[in-house]
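Here it is, the structure, as structure tokens.
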Amino acid sequence: MEGIGIWGVPLAIFAGAIRVSTPFIFVSLGESITERSGRINLGLEGTLVFGAMTAYAVAVMSNSPWLGVLAAMATGAVFGLIHGFICKFPKVNDIAIGIAMMQFGLGLAFFLGKPFIQPVAPHLPSIALGGWSSSPQIQSALNINVLFIIGALLAVALWWAFKNTRVGLILRVVGDSSDAARAMGLNPDTARLLATAVGGSLAAVGGAYLSLFYPGSWNEGISSGQGLMAVALVIFARWNPIGCFLAALLFGGAGALGPALQSVGVTQGYYLFYAAPYVLTLVILVVTSSPTRSLAGAPGALSITK
Amino acid sequence: MIKLLPMNRRSFLQTTAAGAAAIGLSPSLFSTTAAAQTALTVGFIYVGPKDDYGYNQAHAEGAAVIKAMPGVTVVEEENVPETVDVQKTMESMINLDGASLIFPTSFGYFDPHMLAMAAKYPDVQFRHCGGLWQEGKNPMNTGSYFGYIGQGQYLNGIAAGYASKSKKIGFVAAKPIPQVLQNINSFLLGARSVDPAITCQVIFTGEWSLAVKEAEATNALIDQGADVITCHVDSPKVVVETAAGRGAFVCGYHANQSPLAPEKYLTGAEWAWGNVYTKFVTEAQAGTPLGNFVRGGLKDGFVKMSPLGPGVSAEARTKFDATLAEMMKGSFSVFKGPIKDNKGGDAVTAGQTLAEDAIELESMAYLVEGVVGSTS
Amino acid sequence: MTIEANIPTLPPLSAQSGNLRPILEWLARRAEPVAISLGAILAGLALFSIFITVVGKSPIDLFKLMYTGGFGSWFSIQNSLSRAAPLLLTALCVALPARLGLVIIGGEGAVVLGGVAAAAAALPLTGSVSPIIVLPVMAIAGMIMGGIWIGMVGVLRHYRGVNETIASLLMAYIAIALMNHFIEGPLRDPASLNKPSTTPLPADYMLGNIPGMDVNWGLVIGILACIVSWILIEATSFGFAARIAGGNVRAAQIQGLPVGRLIVGFTALAGSFAGLAGMVEVAAVQGSANASLAAGYGYTGILVAFLARHNPLAIIPVAILLGGIDASGGLIQRRMGLPDATVLVLQGTLFVVILFCETFYGRFKIFNPDLWKRTA
């Protein structure tokens, strides 16, 4: 295979954007639903890791990766339900609960996942969109996982749904003001509960991708904070699902930068490159936030924007 | 500058001779009646999970070997970070479990943690996996043991040299420390002994265990044309699976990863800690002093190679076996001058030969010519 | 016509000695946090017991081991205290801003950079300046670095409206990357080949142990910091202003309280405590700054702060309790064959339950004397 030299960098960013971004896509889409309803769920990191563990374990035991994904969705929904249930009580700080659920989810995932570090699980399939190219690198880069495509479609579907469907409207009303929702005869708590459950479910799918496709292995270091970063991405994307998708791609590309640069000889200070995604997110947050105007487009009932 | 004992080989031989004599003199040592055994509790401390298909698993497999020895109780603790936690773990094993022989297996456990505990518990024996023990500076109830696995990586390189069609091989490395650099250089030198035109690209992930970075690095290497990959990270599982998934060959490290990629696994450089631990435990049970600076390579059974996989051609097998035989006789050196480094300077001068236990190897800070990459 | 409700009444005031009622009222108000916290802990332990039973082990055995490992002997107590020491400081990093209504979870970043700064500050001074000066200089360096790091989060929050939870977390990741960069690059001790570290502190420059104990002075530093913080919050006007602002930032601004100064001041102070924890880790445990600084003290501190309901004095017993749980983790792993994640599950369960029980404040009439009926 011929090396591709300096083209390796943009190709790696492109391929990395697709590969690394998929968990971010799912977690941020899930969190965008939750936050649109007026609740913030910081526990998605725990849900993601638990989903990764569940998907891997079920895939090992049943030899079907898709069954693993379904199982992960179920456990993600349960985590979301717990979070949503606890948060509806007065005086409960939902940011703190999120952190607590994260620790609980991580601990439980590591505990139950111990027997599954060694076995190998079947991987999720991918679609080879690169068949037109003779270059193996491009073929590999365009070897796109099915979940990425589902994520892209989901982003568009959610964007349309928020604007045009009744469920989307309910979500937005509940998210803007509990009082207005009650005046309309809606129960904000139930809506938020369901939104959090759906959010957790999607986050768990993101975790399933990590363990069943890329990097495709279960161990305790599987996540490097994707769940928490995705929450930041949602704010950056202004709760717009398509914005979440694009932001996830950006973040994925930034994550692939370090190794790609090393492979073409840029080896100085590689730790600083590894910090690139976090710096990028922080800079974007700083630039797009404002102390006086509340964040444009923020759901009114969201606790962090008050 | 870390100075090492020049007598390491001899002192090791002396202690094994003593141990062998002890075995010879007391046939009851391996009898099945436990009553004849000195009961011994041995503690193992791992920095990561025991089943990581890598560094920690290699130690755990060694511990499993001595668990089967009569009279031996093994207590293990995993995921112990290199902070005061490990000191407390050691103390807990000594005070609450009655351990009298402790193996803290991670590099960062030695100073200050193990040394502090050794000073506090002079009747307990501590042996550290690494090469840090110094006579006169460190107490006699401590010691180091390590294996010369660089020769194993050289053999990996031979297999890689024959298997590579693109003449490019790749190495996913954690941090640019001497042990890792030695492995990278040995891998490339082994491949170059097959074809001097082969180059090896290295990418440093910066952490001992970071799955996403390891996968990205593997992909980047393969994108740049490498078709045989090896690594030095704590758990090679991700690298092996990702490389094999992209159609590249892999060489294993630490432990045998062939179940993960049966078609693409060429061979691997593995630790054989079971032999080392057996020797230590036997000496401890016999009451003879344990070696303080114990080293060995393929020849001494500290390191072993995985069985050759289906991707190894007959020609490759011949050269592999021949080199291995030379190494087993102790007559082979990987670093034989002249060798240039990849910045144009001299790494090993003409006429100079660095044996596998040479001190200079412990402070290696260069990458040899033919390695594409930089240590900083 | 008046309607008499059947509310339990206390005997009329005139029928009691004059002192009893106020004492009862005082007790009732004070009892609320204690009773609810205790109830929450018991509920959490009960849930955890159910989990352990489902997994097939005995919760009684587990709790006995937790007691043995955490508090059952002088060795265990010291083990717990050692682990609690850094938590005292990192919990303050969460608790202080929390009184202002800010949730900061990136203390880990301040810890690691504080440690690096402390080690760097010591580099030019060791050998020529006496330890009595070097140690405070290290402490100040660590505190300044940590204060700047978390103070930046406060600045971003007040002047740019950036959510401080996410910002502090991002800063923590950036801090760890910076730490790695400095430790392996500009600040690296050339002799620290296999474990990149800064130049080690000579033994007489290390922060020693409390006389008669196996616990370093970091414990005392942490306790003092908690006391100082409590005084600051409860007994100074600055603290009083913070508590008001914590209730409602907009109202505080309208009233003219210097909210910006409060936010930056408190976050900087919080960060300085975390940076101090990093300095203690370097000066008392590791002897140099290396990758082991990122040991998770910052994250466990979050749990301690929330369990203590952000009261600096309550942080002291909570940190010791959590230190005890952590300390017993190793014993649980070895004796019951449970993974070390067991401790994480317990901590997570306790955390969730304690936070949930916040909702019970003000719900029970017995704790609110204003609702007690008094007959004339």
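Order of writing sets the chain letters: A, B and C. Residues in each chain are counted from 1.
Please note the rule applied: a residue touches a chain if its C-beta (ideal position, glycine included) is under 8 Å from a C-beta of that chain, and two chains touch if they have at least 3 such contacts.
Owing to the predicted nature of the structure, the values given are computational and were not obtained by experimental measurement.
Pairs A-C and B-C differ in how many C-beta pairs touch across them, and the larger number is found at A-C. Using CA-based centroids throughout, the chain positioned farthest away from chain A is B.
Centre-to-centre spacing of chain A and chain B amounts to 38 Å, using the average Cα coordinate of each chain. For this pair, chain A with chain C, the centres built from the Cα atoms lie 29 Å apart.
Between chain B and chain C the centroid-to-centroid distance comes to 40 Å (mean Cα coordinates, whole Å).
Contact of a single residue of chain C with at least two other chains is seen at positions 180, 184-185.
Within chain B, contacts with two or more other chains are made by residues 79, 206, 376.
Listed for chain A are residues 114, 271, 274, each touching two or more other chains. Of all the residues in chain A, the ones that touch chain C in their complex are 42, 46, 82, 86, 89-93, 95-97, 99-101, 103-108, 110-111, 114, 225, 228-229, 231-232, 235, 269, 271-272, 274-275, 278-279, 281-282, 285-286, 289-292, 295, 304.
Against chain A, in their complex, chain B makes its touches with residues 49, 51-53, 79, 166, 168, 201, 203-206, 209-217, 219-225, 227, 235, 237-238, 241-242, 245-247, 259-260, 372-374, 376.
For chain C in complex with chain A, the touching residues are 103, 105, 156, 158-163, 165-167, 169-171, 173-174, 177-178, 180-181, 184-185, 299, 302-303, 306, 338-339, 341-349, 351-352, 355-356, 358-359, 361-362. Chain A contributes residues 1-5, 8, 11-12, 15-16, 19-20, 114, 117-118, 120, 123, 136-137, 140-141, 210, 214-217, 219-222, 224, 255-256, 258-260, 262-265, 267-268, 270-271, 274 to its touches with chain B in the complex.
Within the complex, the chain C residues that touch chain B are 68-69, 73, 75, 79, 82-83, 180, 184-185, 191, 193-196, 200, 281, 285-287, 290-292, 295-296, 326-327, 330-331, 333-334, 340.
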